[in-house]
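One structure below.
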Amino acid sequence: MPIPIRVTVWNEYRHEQRDEEIGKIYPQGIHGAIAEGLNAQEGITARTATLDEPEHGLTEAVLAETDVLTWWGHMAHREVDDAIVERVHERVLEGMGLIALHSAHYSKIFRKVTGTSCSLKWREADEKERLWVVSPGHPIAEGIGEYIELEAEEMYGEHFDIPAPETLVFVSWFQGGEVFRSGCCYQRGEGKIFYFRPGHETYATYYNEEIRRVLTNAVRWAVPVARPAPRVFGNYDPIEDLSWYDKRNKPTEGFGTR
Amino acid sequence: MPIPIRVTVWNEYRHEQRDEEIGKIYPQGIHGAIAEGLNAQEGITARTATLDEPEHGLTEAVLAETDVLTWWGHMAHREVDDAIVERVHERVLEGMGLIALHSAHYSKIFRKVTGTSCSLKWREADEKERLWVVSPGHPIAEGIGEYIELEAEEMYGEHFDIPAPETLVFVSWFQGGEVFRSGCCYQRGEGKIFYFRPGHETYATYYNEEIRRVLTNAVRWAVPVARPAPRVFGNYDPIEDLSWYDKRNKPTEGFGTR
Amino acid sequence: MPIPIRVTVWNEYRHEQRDEEIGKIYPQGIHGAIAEGLNAQEGITARTATLDEPEHGLTEAVLAETDVLTWWGHMAHREVDDAIVERVHERVLEGMGLIALHSAHYSKIFRKVTGTSCSLKWREADEKERLWVVSPGHPIAEGIGEYIELEAEEMYGEHFDIPAPETLVFVSWFQGGEVFRSGCCYQRGEGKIFYFRPGHETYATYYNEEIRRVLTNAVRWAVPVARPAPRVFGNYDPIEDLSWYDKRNKPTEGFGTR
Amino acid sequence: MPIPIRVTVWNEYRHEQRDEEIGKIYPQGIHGAIAEGLNAQEGITARTATLDEPEHGLTEAVLAETDVLTWWGHMAHREVDDAIVERVHERVLEGMGLIALHSAHYSKIFRKVTGTSCSLKWREADEKERLWVVSPGHPIAEGIGEYIELEAEEMYGEHFDIPAPETLVFVSWFQGGEVFRSGCCYQRGEGKIFYFRPGHETYATYYNEEIRRVLTNAVRWAVPVARPAPRVFGNYDPIEDLSWYDKRNKPTEGFGTR
């Protein structure tokens, strides 16, 4: 495990600057609040990056030094450069952890790794949300009781158009009558991915101690795994003796390296 | 279940026309051999479509009448129009089954639904492949014994860079020393997806009775499920009474329909 | 697929006989109501069996003619003979479908196939339950809308101590603030298993058309798959030439047939 | 995470004492070799327990101080006391990790947590085994290359009658033509379980550095997760206001505490 774990906290950072009320909740931006929570943890060091920085703050150099990337976006998903999305995707396949937060369900990168529309139902009604732990032995649930209760949050409801999570850690209850798979683990390539639902910009959710605990746990869970000779693909010599192999059989041409 | 099940058998159809040896194996094309096998089954009617037809033969009208789409491609993945890939993807999310065959592991549509590189190891050495059933109660394994043995096939080896299959039905053994997850089930949106490994163009694999049985089973498994009011997403009124809801809270603008 | 599908509807059949109110809801017993619903479906024939019959109505002969077994039990789980549980378990591994209903979460057979305590939270408060579809392409959800609403049911809440379902089809919302994984698919041996939550004895749940639709779908999904040479285990000759094999190596004695 | 991780290495310890050749390979017993490997790791402290000790060495006190239990058994599965199996099972549900090794596939405890027969094919022919990594981002694969090669091992072949692993980490290739799911992760209750195939008593497998690395990784992965208020089950008061609740509705009697 890398020590310290190097986290890059990415944020769209638009709501906080455009909406005075939201700016009061997150004076350092949502990224600032998340990074603050992570930097308070032993063995984690978090920096931030935002949409309006050059290359969205996600240069090759930054990603090369990132073990886990957290992502918050909402109103400007379309402004994220496809080339940067490709770059992040490549790094996830190589092992970088990815934590998609709240409305990042609809980000280009999350839709790319899921292969689905990631659509859902939503409602802004200051509703109570209760996140029940359904995978109690999972490290992301460490330190969390039977459930996390949030007095007011945006509602997200099923059907949430995602692949079935490889591990489902939380299921949310909402006051208006809906449920939601709100803590979802995936693996893509060598990278681990966690989607975590709460965190609408109009609430102080990212200061909540239990939410911060989940984010810390998720970062630790998502660290890359070091292995010799990872990602060996393409034409491959037999390991066993294939002396019976007729050398006249030649690979067909035309499809290049995989 | 739709009766009959309407299958569209898609094929790149290049190798058969360019390489005389391959053309002899599949005089009606790989698509012809697959469609022939499916049309011999009760309750299934298969038509074909190929890359060089207008819109690759996959017009809106054709897809609207397709319950299950099978896909074979290899040397010309890049020539498949992105707009057609989007169209197929949309239909999968709406419920159309998708069966990705052999080198279609590297097709645009399969990479889109998996979210991974779908890279693998490969070798053309006339090797023996043995596909072991590891999910014996799964309908795709119906009628299949302990394993399917193919005297000569291309080798595909792990690591196969896919998401962990939701159900793994077959694991292949290869003479040269490799293994491969060769029968993989996924669900994306309302659509069911099956990847099936065998079927290199230089072998008569698609005439093999056991391979045909698997394809038939997969088609039956992948049929869409009819439901009232599918794919309801977006802003959603509360089902329960939320009279405490402060009407002053308005949805934030700027992120469009989900 | 067996036609017709032969279902045995098993019921403890105690509450209906002991409690006048419950007897009025289910004058033919819960088993009678379930069997009636199934027998109204094309291609399904259901019979019943109850706890107080000899061998609980589950003789070798009955099980041999059963494709899918549904199980309802509650107050008398402990009275179910361990030998009969073993017999049912053996048949599940051989391919018989098993549908565990409501309080059968705590039956010997369900705990045996899950390997967990199957404990949960519960409350009898005439609460509203809403079962949301979270796996919309699954055949068990066919014909079901966004959710099933039951005006009054017993509450079951998380954490439900089961293995993570191989497919999670429904998640329930309860008025009192809880959620529950209420439609859960498993495979054990060649057999398919579905747990379905609703059906407390004090409610007329098994007359509900949507609940009946789910049970019908589940029966069709759970039918055994016919395969040549199933369940081949034990000492096994090599398929490939192992002429290098030193015949002096003999299996160690002492551990019998696996 | 507990520091140090307290491991109890359990061994049947019969082959080593009865068979001179095996005794030479493992003069301290298989448990001795495994414990030696674990004790060489930072942050892990391993002790041993064997079948012929009182209570098989698995007293309440020992289990209470065990974070992860490894299990090796073969010829004497039936001699393991059912009461001890229950005790171990209870501890797994409470969070203790369990690592089932090689022929422990057929142990009472592994069959209890899987709910299946755990039968398989086997052959003792000094065959080559190659364990391919199929889940490259999983912590149990850390430090392991494309595959682990063992020059000679017992063959285990599919179909292996287990539930589909929640995560499949390794798939084995055998010289005689078989494959095997040889590294399988499960969760039961709060406990994490790993099955790892290699380790026949006639081979020095537990001295192999790569095998030791996998065992170390598995121990670290399987540590219990600490949570406030774990395992809350049974009758549960509503969290939300259910003032509409008619107090005349009383729980039905007769089924005790869940």
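In order of appearance the chains are A, B, C and D, and numbering begins at 1 in each one.
FYI, a contact is a pair of C-beta atoms (placed from the backbone, for glycine too) under 8 Å apart; a residue touches a chain by one contact, two chains touch by 3 or more.
None of these values were measured; they are calculated from a predicted model.
Here B-C and A-C are compared, and the pair linked by more C-beta contacts is B-C.
Among the remaining chains, D is positioned farthest from chain B, on the basis of C-alpha centroids. Annotation: 36 Å between the Cα-based centres of chain A and chain C.
Per-chain Cα centroids separate chain B from chain C by 31 Å.
Contacts with at least two other chains are made by residues 130, 133, 135-136, 146, 157, 159, 164, 166-167, 175, 177-178, 187, 189, 231-232, 239-240 of chain D. By the touch rule above, chain A contacts chain D in their complex via residues 95, 130, 133, 135-139, 141-146, 166-167, 175, 187, 189-192, 224-232, 239-240. Residue ranges on chain A touching chain B, taken from their complex, read 15, 19, 74-75, 77, 93, 103, 106, 112-117, 119-127, 155, 157, 159, 161, 163-164, 166, 175-178, 186-189, 201-202, 231-240, 242, 245-246, 249-252, 254-255, 258.
Residues 130, 132-136, 146, 157-160, 164, 167-168, 171-174, 177-179, 181 of chain D are the ones touching chain B in the complex.
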